[in-house]
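Common to both upcoming complexes is subunit A, partnered first by subunit B, then by subunit C.
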Partner chain A sequence: MLGFLILLAVFVPILAPYNVVQAWNDPGAWTNNPKLAAPEWSEIFSGKHLPRTILLASNGEPGGFDKVRISFNVSGQTYTIVVLRKSFSFQFDTFPSEIKLFMTAVFGNATGTQIRVFWDRPDGQEIHLFDGNPSVRAPYENTYSLTGPSFKDPSYAVYSSVRDWLIAKNVTNQTEWASLYPTSGGIYQNPPQTQTMLMGRLNRTILDPETAEVLKGNYSFRIEFSGFTPTDDANARAVVYGTVFGLAGTDYEGRDLLVALLWGAPVALAFGVAGALASVLIQTILGAISGWYGGFIDEFVQRTADFYLIIPTLPILILLGILYHLGILLILFVLVVFGVVGATTKVVRSIVLQVKEEQFIEAARSYGASRSRILFRYILPRVMPYTFALIALTVPAFIFLEASLSFLGLGDPSLPTWGHILGDAYTQGALFASRAYPTGLWWWVFFPAAGIIFTTVAFALLGYAFDKVLNPRLREQ
Partner chain B sequence: MPLPVLDVKNLVLWYRTRKGPVHAVDDISFALEAGQTIALVGESGSGKTSTANSILRLLPKNVLRYEGEVVFDGQDVMEFDNEEFRKVVRWRGISMVFQGAMNALNPTTRVGSQVAEPLIVHYDIDRREAADQAIEALGKVGLSGDIARRYPHELSGGMKQRVVIAMSLILKPKVVILDEPTSALDVMTQTNIINLLKDLKNTEHLSYIFITHDLGLASELADLVGIVYAGQLVEVGPAEGVFVRPKHPYTGKLLASVPRLRSEAAPDFIPGVPPDLTDPPPGCRFHLRCPVSFEKCGWSAPEFIEQVKLLQISEETKDKVPAIEAMKAKDTQTLLIKPVANGTIAEFAQRLTSFIAQDQETYRFLKSVESVQSKAKVVEVKLHEAMPPPLIGADWRASCWLLEAGGS
Partner chain C sequence: MGVGRYLARRALFLAITFVIAIYVTVVIANGFGKVDEILKAQIYQDLKQAYARNPAYNRLPPEEQARQFNITYNATIEAQGLNEQFLPKTIRYTASALQLKLGRATQLRSGDGSASVSAIIFERLPRSLVLFTVANVIAAVVGIWLGLWMARKALSPFDRGMTVLSVTTFVVPPWVYGILFILVFGFGLKVFPSGGLTSVPPPPPAPLSAAFPPLIAIGLALAGYLANKHVRTKYRLIGYGVMAAAAAVLVAWILAPYDYFKDLEWHMILPATAVAFSVFGSWSYTTRNLVLQVMDEDFVFAARARGLKERDVLSKYVLRTASPPIVTSLALTLAAAWTGAIITETVFNYPGLGALFFEAISLQDAPVVIGLTTMYALLLVVTVFLLDLTYSLLDPRIKALRR
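After this line comes the complex of A and B, so read on.
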């Protein structure tokens, strides 16, 4: 178990370089991923082939959009026409979660510059999706959502195009549409899911997302751009977002949770081991000094330990987190500072008091070994085995602390730790079942939680294993 | 007469406890010549280990009194400060094999480095060289060099004991204190260890202080024997003498209590328990258990009362004792007895006196009565004065009032 974790900790930085982690908080870095997608393998539960994300690259990239550009002059007026076209095959059993078109455009004069977007279906139907004016110039992208899951405004162009197309094909009529998709105060109560209409079989089932059947086959985008200067140009890319992604799914920003899960392991390990190692070792040495030298030193260390034991570390950390937004190293530092003396100091002291009376210590005194030599060469080696067990058992405590802080949003904001993800999932209501996600966003919660449990159990088992090895009765054999 | 290598004079070591001072070593003196072995023999708790510890100045925190002279090699090392003592005496001059060698080894360190540890502590020599010397020392005690790489728990009890002996020899001391070096071993291993110690004594020119409660082992090894009772040496003298013709009744009892193979006679035993060292008995410390105690041995009034009560309780003896209502110690040597009211005080005193006269050979505490006087309502019994017996003799000393009387 532990071996697996350590392997993970070693290989993760190689497999998923740190810059992936740096991009974690950059929403722009994750636009090609579906949001809140379940893991790909979860389709075995539904028995359906669930849509993966299809990336349609821009012109110039391999497999990208095809492009024709002509620029010509009529009576002193330059016209530039760009036609972009890309088809793709869609063979999945359910509809994509979202379809987006991203366009870059170079244009001189904004007025009159126009794009017209068409959608061709495997059944030969073509839908004129919308006409628009690009609003930003390259290199920035104009983003058009064809499905607009977050729009409820009935005036959204794609809604009208789809509605008009369905009416033209006699699938529905104005009144039925209005009753199926009622509006109130100028917004849809329950907006039509355009992706089902764009990609469903053209019959009455298409009106209801529950009954619509996927029309498998080749779809294509066709985009016509027209501008008025010789340098005008346009390019496009599109993403047909799936409903499943990767091994661990995605969160509400479309971030690949696998990255966070994998990176969570080394972070948790490093944090837990470093924290436990530092605090337990310091506590051990102080406890040993306290027990061995006795007297004033003992009194001082023990009273300090008593004091430290009643300091509520977590609330203090929460306070510090709120005030200063500590990075992970600072959190570790604060934890270690608040853990220089504590329970381990007391445990070790009592072990030392016992070891102190053993004959071999007396023997060492008798042949003249100095007090510090006895402490470091005789007593500490005797205590160390217990210390190792304690370290192993303390690691989970540190991992839990970090997770708790991150969960409360007080951890290191720049690192996708397991606690951090759980915190995100919690604030986004991941566990509430919705119509789109009848089982809730289980993967968002399950994997980081499993990671924490796995790691803590691994260390607890290690601790118990140490315990067993160190049990004198077992050791004598 | 050669100068003794170790001359212990009036050594005292008392511990402070909640019950009061423990007189663990109470005025012990003996001298040991080079090459001699003294066996310190005594019951458990008599203060043998404490004597050894006070020679090596291995004191616990609760020391109350620690005084006397320890002359080692002509120098009174009691005068040394701790650092000097550590440098001169500890292990270089006098080393020790601790009681229960099983635990005297550090379980986490290899045997070789433990044997070498005193070398490193004292001479700060190179590890390699220390390891070589350790292997050499292990060879001397009959262990092969590869033992050096083992951990203590991989060794048998006898091997551990040899390791500890090797460790005590590593700095070539003149005196080795062996505190019950064989008590946890089986008889065959014991014999092997004793033979080893004999050989080492000759090849390494050692003097031993051999602490044991086993008289058989003591007679194997010892030139001198010191019998320790309640923190004191009650008899010390040449082994041939002490074992054959003991002067002190306690030594006699000890010898009689050794079981003999194929002997018809059951081994004798010593009645009672060793005295409580927080409150050692006055006079001779052995008088409560001594089979031949008499007037001078030092019974005190409270002890007398205790003994009378024991007689009153016992079914056999309760009729012999004159009827008594109450007894009370007036001072340490005087007690008042109030008789049950029938007859006069004088009559009671009469009965008491005749009881004492009749039974004093059986119940020897009765011998301590000096006088019986009738008072108004009570009888006052005066006991003989309690004085500890002095050590009598020169090369063979014992502390028993009988010796004074017999003029031996």
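After this line comes the complex of A and C, so read on.
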């Protein structure tokens, strides 16, 4: 287990470079991933072939949109027409979670620059989705969500197009549509899921997302752009978002959780081991000093240890975290400061009190070794083996302290640690069932929790193994 | 030095520690003066806005406006005690915290709308107290029993398996089990509610006696089990009968209509299990090791040689000797469980002290934070002192000081 973790910690930074972590906090870097998607392999539970994300690249890239551009002049007025087409095959058993169209456009100042978007279905039907005026010039993209209920999108136009199409095909009528999807002030109370209507079999079932059947086959986008200057141009790409993604799924920003899971390992290992090493070594040395020198120093160290036992560490730590948003190194430092004396000091002191009476110490004293020499060259080496077991057993405590703080949103905000992911999942409601996700967003919670448990259990077992070797009483009866 | 002097010395030391701990908390809760700055800025903003909306004020000349504004601003700062020097102020806070005059919350309110910090804390205290005491007592009973059993079957596959289970479960804190339990039992199997104190809206109220059936069931089961250990085989039927009655009470309770207390207890099962699951391992592992150590001692050998029953050797000789360290760890884990409740209660949305602490910190409600930390520190101090007291009674070495 530990070997696997160490391998992971070594290889992750090589395989997934640090800039992935930087991209973690950039929402723009994840727009091609579906949001809140389950892992791909989870489809074996449902027995259905769940949709992956289909990327339709822009013109100029391999497999991208086909483009035809003509520019002509009629009685002094230039017209530029661009037609973009792309078809894709959809062979999955359920509907995609979202469909988005991204357009770049070069256009002059004349009003009336227009795009018209059409949707061709495998059954030969064509839906005129919407007409729009690009508002942003290249290189920035105009984003059109064909399914999302957002006001900025022309999705309301898509809704009415879909409605008109369904009415024209005698699938429904005005009154039924209005009763199914009531509006108030022109705003849908419960917007229809257009992806089920765009991609469903054309019959009565299409009206209800629960019963709609997927129409498999080749779909295509057709986009007509018309502008009024000779330099006008347009390009498009589209994403048909799936409902499953990768090995570990995605979170609410579409971020690949596998990245965070893998990066969590080296961060947790480094944090836990560094913290445990520092605090246990300091505690050991203080305990040894306390036991060896005795007297006033002993009294002072022991009373300090009692004091540390009494102050409520976690509440004070949380307080500090809230007031001074600490980075990961500062958190480590504060944790070590709160752990300079503690249980280990007491254990080591009692061991030293035994070792003190042994003959080799007597021998060292007799040939005139100084007190500090005896402490560092004779006593500490004797105590060290116990320290290893304690370090291994303290690592989980540090990993969980970091995770606890991150869970509460007080950890390092830039690092995707396991606790951070769990905290995100909790605040975004992954632990609450909703209609779309009746089992909660289990992958978002389960994997990071499993990662933490796996790591800490590995260290606990290591500590237990040390303990067994060093404590002969536990080994043989 | 007698026991009295020893205890007096410990009490003095603990009192000093308590005072320092409270002072540290007061200083940190005020953010080394930072919170005051935030509050002042907020008052400034609020006043500016209030004045900007006041037409009479806007008609005044600018100097007069500034003068009026300053008068009100300074009066407000004065009234809220924000202009005091940092040191005297923190000392004053500490003094009133030590007298348990916890003051008034700035933002949080209790269920009936009171702003008094003690009202807020005492409204929540019983909930946390019940939850964590029940969970820890269950964990302790199960853990000690398991530890004894493991020690008796030392080095068997059962012992090895349970040792690994104990060692691996107790490193994981309760809130991690909490979220996994919510996922599995709350959503996967839909057996238990995923969080909260009661359902929303709460079921109809019930008499307090409705709270007892599960406790009675547990008590009967334990009584039956213990009785069976001390009677001859032919009387065992009585014990089994009592245990069957316990099971019947439990089943009846589960089948009974849903009332307020059943709802309350139903909501407590998952958090209590999570806490118990993360705690029992340290009990069983410690008990096993201590018992095995004591079992090596000569007096145990002598007791065995006298032909005493293995069970009597274990309960009367081994466990009695091993009990002081076990008592220590009981008291310390109980006290630690209180502070550890912060995240567990947040995860389960359980409105106890831990969740209150987190709310208070998020709202930067310093009086509540100080009040709670005082309570925590007081609790720890009292626990440690009681521990010293118990030790002085149990440990013959301290008793020997008397002579």
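One rule holds in what follows: the second predicted complex is superposed on the first by the 457 of 477 C-alpha atoms of A that agree within 3 Å, B and C clash if a C-alpha of one lies under 4 Å from a C-alpha of the other, contacts with A are read in each partner's own complex, and residues count from 1 in each chain.
What we mean here is this: a contact is a pair of C-beta atoms (placed from the backbone, for glycine too) under 8 Å apart; a residue touches a chain by one contact, two chains touch by 3 or more.
Keep in mind the model is a prediction, meaning the values are calculated, not measured.
**Student:** Quick one: subunit B and subunit C on subunit A, clash or fit?
**Tutor:** In the arrangement built by aligning on subunit A, the partners subunit C and subunit B fit side by side.
**Student:** Using the touch definition from the top, say if A:382 reaches subunit B (first), subunit C (second), both or neither.
**Tutor:** First partner only.
**Student:** Between subunit B and subunit C, which one contacts more residues of subunit A in the superposed model?
**Tutor:** Subunit A has more residues touched by C than by the other partner.
**Student:** A:7 in the overlay: touching subunit B, subunit C, both, or neither? Say first, second, both or neither.
**Tutor:** neither
**Student:** Rounding to a multiple of 10°, what is the angle at subunit A's Cα centre between the Cα centres of subunit B and subunit C in the superposition?
**Tutor:** The C-alpha centres give an angle of about 50 degrees at subunit A.
**Student:** State whether A:314 touches subunit B only (first), subunit C only (second), both chains, or neither.
**Tutor:** After superposing on A, A:314 lies in contact with subunit C but is clear of subunit B.
**Student:** In the superposed arrangement, which partner chain does A:431 touch: subunit B (first), subunit C (second), both, or neither?
**Tutor:** In the superposition, A:431 touches subunit C alone.
**Student:** Please indicate which partner A:469 is in contact with in the superposed arrangement: first for subunit B, second for subunit C, both, or neither.
**Tutor:** A:469 contacts neither subunit B nor subunit C.
**Student:** By the touch definition at the top of the document, which applies to A:360: first (subunit B), second (subunit C), both, or neither?
**Tutor:** first
**Student:** After the superposition, what is the least C-alpha distance between subunit B and subunit C in whole angstrom?
**Tutor:** 11
**Student:** What residues of subunit A sit close enough to touch subunit C in their complex?
**Tutor:** Going by the criterion above, the answer is residues 303, 306-307, 309-316, 318-320, 322-324, 393, 396-397, 400, 403-404, 407-408, 422, 426, 431-433, 438-440, 442, 445-446, 449, 452-453, 456-457, 459-461, 463-464, 471, 473-474, 477.
**Student:** Under the definition above, what is the set of subunit B residues touching subunit A in their complex?
**Tutor:** Of all residues in subunit B, those touching subunit A are 56, 58, 86-87, 90-91, 95-96, 98-100, 103-109, 117-118, 121-122, 153, 164, 167, 171.
**Student:** Under the definition above, what is the set of subunit A residues touching subunit B in their complex?
**Tutor:** Per the stated touch rule, the residues are 358-360, 362-370, 373, 377-378, 381-382, 475-476.
**Student:** Which positions of subunit C touch subunit A when the two form their complex?
**Tutor:** 13-14, 17-18, 20-21, 24-25, 28-29, 31, 34-35, 154-155, 163-164, 167-168, 170-173, 175-176, 179-180, 182-183, 186-188, 194-195, 289, 292-293, 295-296, 339-340, 342-343, 346-347, 357-358, 361-362, 364, 369, 372-373, 376-377, 380-381, 384
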